[in-house]
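Here come two complexes built around chain A, the first alongside chain B, the second alongside chain C.
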Partner chain A sequence: MVSDRSRLGFYLLLAPILLWLVVLIILPHIGLFLVSISEKIGPREYETGFDNYAVFFTEPLYWRTFARTAIMSIMTTALTLILGFPIAYYIAKLTRGRTKTTLFLMCMIPFWVSELVRTFGWMILLRETGVISNTLQYLGLVNGPIEMLYNDAAIMVGLVYTSILFMVVPLVTTLDSLDDSLIEAGYDLGGTSTSIMREIVIPHAMPGIVSGCIVVFMLSLGNYLTPILLGGKDSLWFTGMIYTQFITRFNWELGSAFGFLLLALSSLVVFLGLKFSGQSLSETMGRP
Partner chain B sequence: MKYSLVSSFVVASLLTAHTAQAETLRLLTWGGYAPEEVIAKFEAETGHTVEVTTSNNEEMIAKLRATNGGGFDLAQPSQDRITSAQEEFGIYKPIDMSRVNADLFIPSMLSATAGNTTFDGDVYGLPHVWGTSGLVVNTAMAGDVQDYTDLCDASVAGKVSYRLKRPTLIGFAYSMGLDPFAAYGDADAYQGILDQVEAKLTECKPNVKTYWGGGDEIKNLLRSGEVVASMAWDTGGWQLNADNPDITFVAPEAGALGWIDTFVLPARGRADDAAYDWINFVMQPEIAAMITNTAGNFTAAVDGDAGVSADLKARYQGSFDQTAIDNIKWYPPVPAGLEALEGATLDRINAAN
Partner chain C sequence: MPFFILRGCNLTHPNPDLECRDLTKDFDAFRAVDHISFDVPQGSFFSILGPSGCGKTTLLRMIAGFQSPTSGDLRIKGKSMIGVPPNKRPVSMVFQHLALFPTMNIGDNVGFGLRQRGVNKAEIKTRVEQVLDRVGLPHVSERRVDQLSGGQKQRVAIARCMVLEPDVLLLDEPLGALDLKLREHMKIELKSLQHAFNTTFVYITHDQSEALVMSDNIAVMSNGRFEQIGSPHDVYHRPDTAFVAGFVGDANKIDAKVTEVNSAMLTLATETGSEMKVEAAGTGLSVGQPAQVFLRPEAIALGALDAGAESGANTSQGTVETVFFNGANSTVTVKDGAGHLVKVAMPQTGDFATLKKGDAISTCWLPKQARCYAVSGNA
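Now for the complex of A and B:
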């Protein structure tokens, strides 16, 4: 009786997550998959087949855009890690009490406004008649207005800014759990700053690094707003292509196929990343 | 307690009985086509309530396609995008002309739109607002830009913007002496035109600062002076003209591209009564003038221009003399499948270096 009741409780607690997964994730994906394997041969006439997937591989534009998106997302992830690690180390190890909370809070404050507003902020700073260009002219460092918007560097800046919090938080958590005495012991045994960083701090923080990287990579790869607003005339982004297929080309079939390819290829990149860093998914997601 | 429950039930059912005539009109339209004051007047007069969703041609079709024509009671796509969408997705239902007050419409526009939106013998669209797209130019800095291809001139290098969408392809084709509308029915001939335009736009790419996406984006670029010549809608140019007299809409030598936004009934709309009431309400001359004053474009209503502000009329006349009006290229209905060809061309231009 008791076990029956506890089992009921278990299922009741499980229900929301199951509903979430089935109704909002699995069912739409099944529908999307069915759309992606229907080929249009005429108005309201469809055939089942994998032509839409073939288009991705035969048309260089599509897979090049995907490769571009993936490579830029990986670069964003690396940059975010390089910028985020010192910040996280400082917050976790070199500050105490109220300072720590304040610094942590300051990392979060930009995320209290929407992504759109943050991106527009960058547009105001970087555009030809924007704050940075005008300041440089005022200081006499440049002669005419300079355009910093509408290129790949602007996209990188936007993406790093958008995702850095998701790198700092897991890093702070893992670094917090590293006992200071281990670092002191390292110094006592004659270690240098670099060797301690390499032998003690980074191995301990590895799960945080990997989980932060996964989140940042996924966020950048799936970002739509930042690349569209900050990017220029050559800056294609894969999510933008999916939007175009769905909305302006009325080609849901190809758009769905692209969606699945994005899912598959991003999973592959994450899998390879885990393999190369020697981490397992359960370890990175479970430990911090 | 019980009595109060019963009585509140009675009151509630009386209320619903009373409002059975009044419906909620879910309107899918463009920004500016349903101003607050017009909605307030309509609600006071008919008792219906109006919910407005603003959108653009492609999104309207995509939204209605997602629901098989449900979720909205009245939509306003351009007339050239109706028959192909109906043929492919079946998202509209025919207009019942007996419920429309045809006297309110300019007869030539009503019949032209009816002709362009007839599918399988049924009429699907009524004309509402019309306008053009052409060039919006800062005349002080780029006075030489008179035609679409002038955007590729070295004198405006790096200070040009246009959309990477079908009007750009068509405008450039006309400017290059081609006739894309005549080739609509012939996929091979149209592809030939697209190939020439693709070569031109690829060559022109270094001149472009950025491809704009939304109306506000291009207005910002022109207002700040970062862009001095662009392809855009006439209203955008006239709005900017109010702030900066140098910027205005120029009807290109090859002809401005004319569009008519319509009224269509989504296939699974629920409030047809309210939809017809709205159509007959907004086509009254004084209401049509209110819409022209906010949207900036003229309507198909008889005498609809009488109450339009003098400023707007002056700007309109400044951009269009009689020859420019006669030279407007009106979009014919887009055959189904043509967008796929254009899409591939646009993708290649976007990817070209």
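Now for the complex of A and C:
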């Protein structure tokens, strides 16, 4: 009786996550996959095959856009890590008590505002008649208005800004768990700041670095709003391309195939990244 | 040539390894370390013993360089260490929780310091093996930190410091986390390691038995000051202050008033009127002053009621209140006529094996076995 009861409790507790997985993730993906393998050969006439996938590899625009998206996402991830690590280190190791909470909160507060609003904020700063352009003109540093929007740098700035929190949080958590006496022991044994960072702090923070990088990479790769708004019409972001297939071209079959390719290729990039850094996913996720 | 023999001897070193002069550390309004001066001779085992919060950790961290003194000087091998960062000091520290690097294997842990000095790889490998061999852990360099037992980690932590051949090794209560059996074992092992390496050890602890067993010299610390520096024997048998007498070892503390002074022999009376004689020279006590008498449980002899007391000894009659059986460390509390409880070590000869609550018994101790101190404000 007791074991039956506890089993019932177990399934009841499991139900929400199972429902979530099956209804919201697995079922749509099965549907999407079925759509992606149907080739349109005439009006309302479909055949099963992988032609939609072949299009991606035969048409250079598509895979080049994907490569561009992936490379820019990797650069965003690297930039976010470089910017996020010192912030996280400062919050986790160099501050205590109230200051720590305040700083952590200050990192979070911008994320209470919608991403759309934050991106428009960047547009106000960067556009031709925006704050930065006007200030530079006012100071006499430039002669005419300058346009800082609609280029790759603007996309990068937007992406880093959007995703830095997802880098800082896991890093603060892992760095927090680093015992201060390990750092002191490093100094005591003759280590310099650089060697202690390299041999003690970074190896310890590796799980946080890896999980932060995975999250930031995936978020950037799958971001739609920021590249479109800050990059303009020609931003060429892979998610934009999927959107075009679904909405503009009514080609759901190709769009679905792109969706699956995005999933497969981004997983491949993450897999290679893990191999390259010698980390395993279970270790990274199990030891946040 | 006796001159040359003397030069090699430990007793006549002109330059101690570690000298502290008037070392003081203030944290805002709180003075953690208060004008401390001491020398530690080369190759000796020096312990700083004190209750938690007495400032001993701050003192150790100043020697290691993690904190800088507010005033005073600190010299290692004659060189002042003021302003020298921890990674440039010829001292190494064994941390309370050892602070072995969990991301490295044992070999890399021990080799860390040598890598920082830019020693080449082959030499690091041989020196790491050598030092691990010396601490009795050969062939463990490939293992992970969590694959070792508590005692082995301890030895690795010491090896990690000793491979750098420091002038002074600092130990911050490293035995605190071990269980009792292992702690007893490690005490002896630490002492023999210290002997084998012939390095100066500065050991801080709140555990008096660790300090007594291992040290050549003990400093008893309280409220940021050294109460006494001396050999374990001196600290135990000739405590300078009431604090030391109460902190090191077990003692019965008796509050009394001086009723008679006869050169070194004092006669004191407790509030309830029981009298005792204590031999204490140089206490400066005069008649009528309140004093504290400290009496070790093992200094008191138990006897049958009719047993003749030695002349001049303090004797009293009482009844057994409780028997605390603890093997060789068994004790008895005896309630005397006036209702005072006195803790007495149980002689291990078997004469008192049948002692039980309520038995009538006499206690007896010699005046020279007790210590007497004037009552000061903070005692």
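To be clear about the criterion, the second predicted complex is superposed on the first by the 285 of 288 C-alpha atoms of A that agree within 3 Å, B and C clash if a C-alpha of one lies under 4 Å from a C-alpha of the other, contacts with A are read in each partner's own complex, and residues count from 1 in each chain.
We take it that a residue touches a chain if its C-beta (ideal position, glycine included) is under 8 Å from a C-beta of that chain, and two chains touch if they have at least 3 such contacts.
Here the structure is a predicted model, which is why all the values come from computation and not from measurement.
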When the two structures are overlaid on chain A, which partner does A:L236 contact: first (chain B), second (chain C), both, or neither? first
Is A:T192 touching the first partner chain B, the second partner chain C, both, or neither of them? second
First (chain B), second (chain C), both or neither touched by A:P43: first
Which holds for A:R64: it touches chain B only (first), chain C only (second), both, or neither? first
On chain A, which partner's contacts cover more residues, chain B's or chain C's? B
Output check: A:P203 vs chain B and chain C. Expected answer is one of first, second, both, neither. What do you get? second
Determine, under the contact definition given at the top, whether A:R249 touches first (chain B), second (chain C), both, or neither. first
Which part of chain A faces chain C closely enough to touch in the complex? 179, 181-182, 184-192, 195, 199-200, 203-204, 206
For a test of understanding, state which residues of chain A touch chain B in their complex under the given definition. 43-44, 61, 64-65, 127-129, 147, 149-150, 228, 232-234, 236, 244, 246-252
Enumerate the contact residues on chain B facing chain A in the complex. 58-59, 61-62, 65, 85, 87-90, 165, 205, 208-211, 213, 224-226, 336-337, 339-340, 343, 347-348, 350-351, 353
Interface with chain A, chain C side, in the complex: residues 64-66, 85-88, 91-93, 95-97, 99, 101-104, 112-113, 115-117, 160-161, 164
